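Below is one structure. I have some questions about it.
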Amino acid sequence: MKLLVIRDRRINYDGSAIRSHWAYRNFGVLGDSIIVFRGKCDVKVEEMIDIEDLRANKEIKSDDMVHYIIEIFDFPNILLASTLQKLFIAKLCEVLHIWGVETLRKGDDIYVDDKKLSISIATVSPVSMKIHIGVNVKAEGVPKGVDAIGLKELGIDDVEDFMEKTGRAFQEEFLKVKKDSMKVRWAE
Amino acid sequence: MKLLVIRDRRINYDGSAIRSHWAYRNFGVLGDSIIVFRGKCDVKVEEMIDIEDLRANKEIKSDDMVHYIIEIFDFPNILLASTLQKLFIAKLCEVLHIWGVETLRKGDDIYVDDKKLSISIATVSPVSMKIHIGVNVKAEGVPKGVDAIGLKELGIDDVEDFMEKTGRAFQEEFLKVKKDSMKVRWAE
Amino acid sequence: MKLLVIRDRRINYDGSAIRSHWAYRNFGVLGDSIIVFRGKCDVKVEEMIDIEDLRANKEIKSDDMVHYIIEIFDFPNILLASTLQKLFIAKLCEVLHIWGVETLRKGDDIYVDDKKLSISIATVSPVSMKIHIGVNVKAEGVPKGVDAIGLKELGIDDVEDFMEKTGRAFQEEFLKVKKDSMKVRWAE
Amino acid sequence: MKLLVIRDRRINYDGSAIRSHWAYRNFGVLGDSIIVFRGKCDVKVEEMIDIEDLRANKEIKSDDMVHYIIEIFDFPNILLASTLQKLFIAKLCEVLHIWGVETLRKGDDIYVDDKKLSISIATVSPVSMKIHIGVNVKAEGVPKGVDAIGLKELGIDDVEDFMEKTGRAFQEEFLKVKKDSMKVRWAE
Amino acid sequence: MKLLVIRDRRINYDGSAIRSHWAYRNFGVLGDSIIVFRGKCDVKVEEMIDIEDLRANKEIKSDDMVHYIIEIFDFPNILLASTLQKLFIAKLCEVLHIWGVETLRKGDDIYVDDKKLSISIATVSPVSMKIHIGVNVKAEGVPKGVDAIGLKELGIDDVEDFMEKTGRAFQEEFLKVKKDSMKVRWAE
Amino acid sequence: MKLLVIRDRRINYDGSAIRSHWAYRNFGVLGDSIIVFRGKCDVKVEEMIDIEDLRANKEIKSDDMVHYIIEIFDFPNILLASTLQKLFIAKLCEVLHIWGVETLRKGDDIYVDDKKLSISIATVSPVSMKIHIGVNVKAEGVPKGVDAIGLKELGIDDVEDFMEKTGRAFQEEFLKVKKDSMKVRWAE
């Protein structure tokens, strides 16, 4: 699994990065990958993946976010995509905890003091599994009615360092999951 | 996913419960299930699943443990089995955290103060995925050289309550993972 | 598997209901489901699934039909979709037989006295299996050259009762199939 | 799918024919196949597949049965195995109906006048799906408490003809299922 | 696996034949198939499958080619599609070798005297695996900078005979692969 | 994919190396791997995988062979295992060709001057795909009636060099197959 942290520029997230091969098309990164970047978030309705959000006419937006786009080329399976997503979110909470931030994970959502820190979606394409995680840098530009919080409010000011370390934590977690899957004999 | 917490008796774990349909054969629990029970742990060499342990001639034992046997009848996939296992372990840490216990998760191992609280394995049978998690009640009877800790040392004295609540937490987590997997449209 | 019988209004079938998540998008029904409704049938060419029909320039229409849209979120597999479809059709014939109607099933078609009672299609989306079954209420509005028959001609006047009972029969059949799949050990 | 009807000799069924490649090992029949034969039925406990039967200490036996062993080398999937089984049983009922025998199908069981005509099991091996169907020729030698019926009691005296025609009906049904699965475009 | 060699007319290849069911839609050939035809090649950008080519702004064209469109309705799997493609290319080299032509295979490319003889792509649709192989008849009309060679330059003048024999070689190779997959028992 | 060439000692092949995780159990090589070693070949009947050989009571033996044991932890699929096997065999022929040896491949067999150079088998375990290829070093100790040939007779005297180079050729071929599978968009 390759990790690419994009530091030199901002990339806005409109939802289209959830399509298969986005990492390869845009950065030449082939195979399993995590791309970490920073930018505005404003998901176009036609790119929305969560039908629950679509049914509720929700908006998904934030002025400044750290984004993770993860693609895994195993047999596409919605249950595996959803499980990997929750594990990455749990991992993110564990990293934040080490940094002294108390979080509450509810499925794929992270809350700090009842305020929403993150958004996330996981799905399959016909060739891969795709996960998006977005973490607010500041609680600005979020939809009305959402009580949000961002890294800045949590005292995490070095955003590039956060991008690097969490990206690496995701990569290590996945490699551990993968490695463990190949060292066990099957059961009767 | 059905949850069965066995309160009225002790069941020792010798590793054979990792086989497919153990829950149905022994308790008539059909389909996806979590069986929680308490008993000694002493895994027979011929039942050991982790080849790394086998290669290292490790012993897997403890005098008193809470055991979880999870079986999921989705398409058997070692990567999914391994991912689900890590997610359940992360969930266990989250529950412990709410109860004031500080843990460190390393893959599928849980540590408290550098002491090992748990053991776990995940694999597939030809029809299902199987996960075992064992949590020390007391740090007794563990292999030499293992610095262990148990629930009692952590101040968790109501073991039945722990079994019930963690079993339910696993069940809820899995149902959330499953539900989310069916509410997202596929990506191009 | 959830069953929803829509009684309070008519819904026309133009073929678009064969897309994944139609039940969730339109009725909030998540996961495996059977939606039963009544309405006109006129499948748009761009929604036609059966390439044999497309090649033959067939029309698929009827003025009044009972429709079943079934979605199953197991690993998408065209052979499983096609097998489930035939089983549901066979089940429908069995129910009709109990009601005194003699049918002849040819694959996914049902005939009574050499007259066509039903249409059906089964396919996969990238996340699910989808089946449509349509049963004529009256033999009106069908394509030229098709000798059709409807429930009314068979003496089945209580269409809502028919919708309810056949929907439930499908649901029970699927649950039996699913249950049986999890109570058998694998063979060498 | 190849069909082999064994006419020249009796073969007893002890359950071991449910293993993968039985048709190839014993008759050189490679690939998807239906083998039809006649013989005693007495399933050894260690060959029993249905854990429900094992839990209930059921015996599975009959003095004279027509047996079908079906093997399909598609991606092994317990749900597909179970669905195919029900479809074949439904087909058998349809053939009997044409011959004037009124049956009642309950899942994978066939009843005539509340008497049990057949037994069946479906499972997977690591490489294939396997189905066994057994139809009583006479209601003799069945377990105590089972009210059975056989082909002879139904007026079907030409057992070889029955073996041939039902074998062919199964073959045709499967080929139709398979053919249909490849003539439909996928749905969004 | 059906083989259809189209002799009576030319068909140009613009890339759209890579879509699922092309053989059935256009020639009524159902199921696993190889369609061999001859015609110009000029792949439209929107039909290009190889993202590496897209990223490099490559053109894919030739004035006269023998084309093979192969479709296989097994469980769609990109690794299997890619492996089958390489095997067919290796087979083509073996046939050419028997005819006295020395080739060098690099993955899915065939070179003769460092000149490119062929193009190829392999991918999946949601229901099948698809492979295109194109072999230059003459080294004309190829993109600038590509040093190409064609069958004519290799002394292969009877193009129809080449189409027939290579088509049959592919068919035989696939049937051998398939047959072998069903005659081996599984390993522990 | 890891490559391990065992140079310092001989290992006899009795067929048991075809089991899953053999490379990890014996050499600590985790994940996709090719293990190349040299030794006697004498496959025990209970380890034979090819049922065709079992039915024909064939012996599989040779006094001195180069062995390749390949394990791939993708979704186990007998068709993929069989296709990979043929591709590796074709690759071996290509390497031999570069070295001036004229071979004829028939499926998974290699002939030189109508003499058999190699044996091979491919199958699945419940967690992986496994391939064995054996190449005679000398044509000695082979079953009666088999007209064999070995590397020595072909003028290939540096067996270690052969092991190294062919092992690397297999590794490169697989990596190319894998890489290509992830750089193509899916087709409609």
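Read from first to last, the chains carry the letters A, B, C, D, E and F; within each, the first residue is number 1.
Here, a residue touches a chain if its C-beta (ideal position, glycine included) is under 8 Å from a C-beta of that chain, and two chains touch if they have at least 3 such contacts.
This one's a predicted model, so the numbers in the text were calculated from it and none came from an experiment.
J.: Hey, what chains does chain C share as contacts with chain D?
T.: Chains in contact with chain C as well as chain D: B, E.
J.: Chains in contact with chain E and with chain F: which ones?
T.: Touching chain E and chain F alike, sorted by label: A, D.
J.: Roughly how big is the turn, in degrees to the nearest 5, that lines up chain D with chain F by CA atoms?
T.: Chain D sits rotated relative to chain F by 120 degrees.
J.: Between chain B and chain D, two touching copies, which fits better, same or different residues at the interface, with half of the numbers shared as the threshold?
T.: At the contact between chain B and chain D, which are copies of one sequence, the residues are largely different (under half shared).
J.: Give, as an integer number of Å, the spacing between the C-alpha centres of chain E and chain C.
T.: Those two chain centres are 39 Å apart.
J.: List the centre-to-centre spacing of chain B and chain C in whole Å, with centres computed as mean CA coordinates.
T.: Distance between chain centres: 42 Å.
J.: How big is the gap, in whole Å, between where the Cα atoms of chain C centre and where those of chain F centre?
T.: 50
J.: Touching at least two other chains at once: which residues of chain D meet that condition?
T.: Those would be 20-21, 24, 51, 73-75, 77-78, 124-127, 181-183, 185-186.
J.: Have a look at which chains touch which and call the overall pattern line, ring, star, complete or other.
T.: Here the contact pattern is something else, fitting no line, ring, star or complete shape.
J.: Dump the list of chain pairs that touch, please.
T.: Here the touching pairs of chains are A-B, A-C, A-E, A-F, B-C, B-D, B-F, C-D, C-E, D-E, D-F, E-F.
J.: Write out the stretch or stretches of chain A touching chain E in their complex.
T.: Going by the criterion above, the answer is residues 21, 24-25, 28, 73, 75, 126-127.
J.: For the complex, give me every residue of chain C touching chain E.
T.: Going by the criterion above, the answer is residues 51, 54-55, 76-78, 124-126.
J.: Can you list the residues on chain A that touch chain B in the complex?
T.: Against chain B, chain A makes touches at 18-20, 49-52, 74-75, 77-87, 90-91, 93-94, 97, 105, 107-108, 121-126, 130, 173, 176-178, 180-188.
J.: Can you name the residues of chain C that touch chain B in the complex?
T.: 20-21, 24, 30-31, 73, 75, 125-127, 179, 181-183, 185-186
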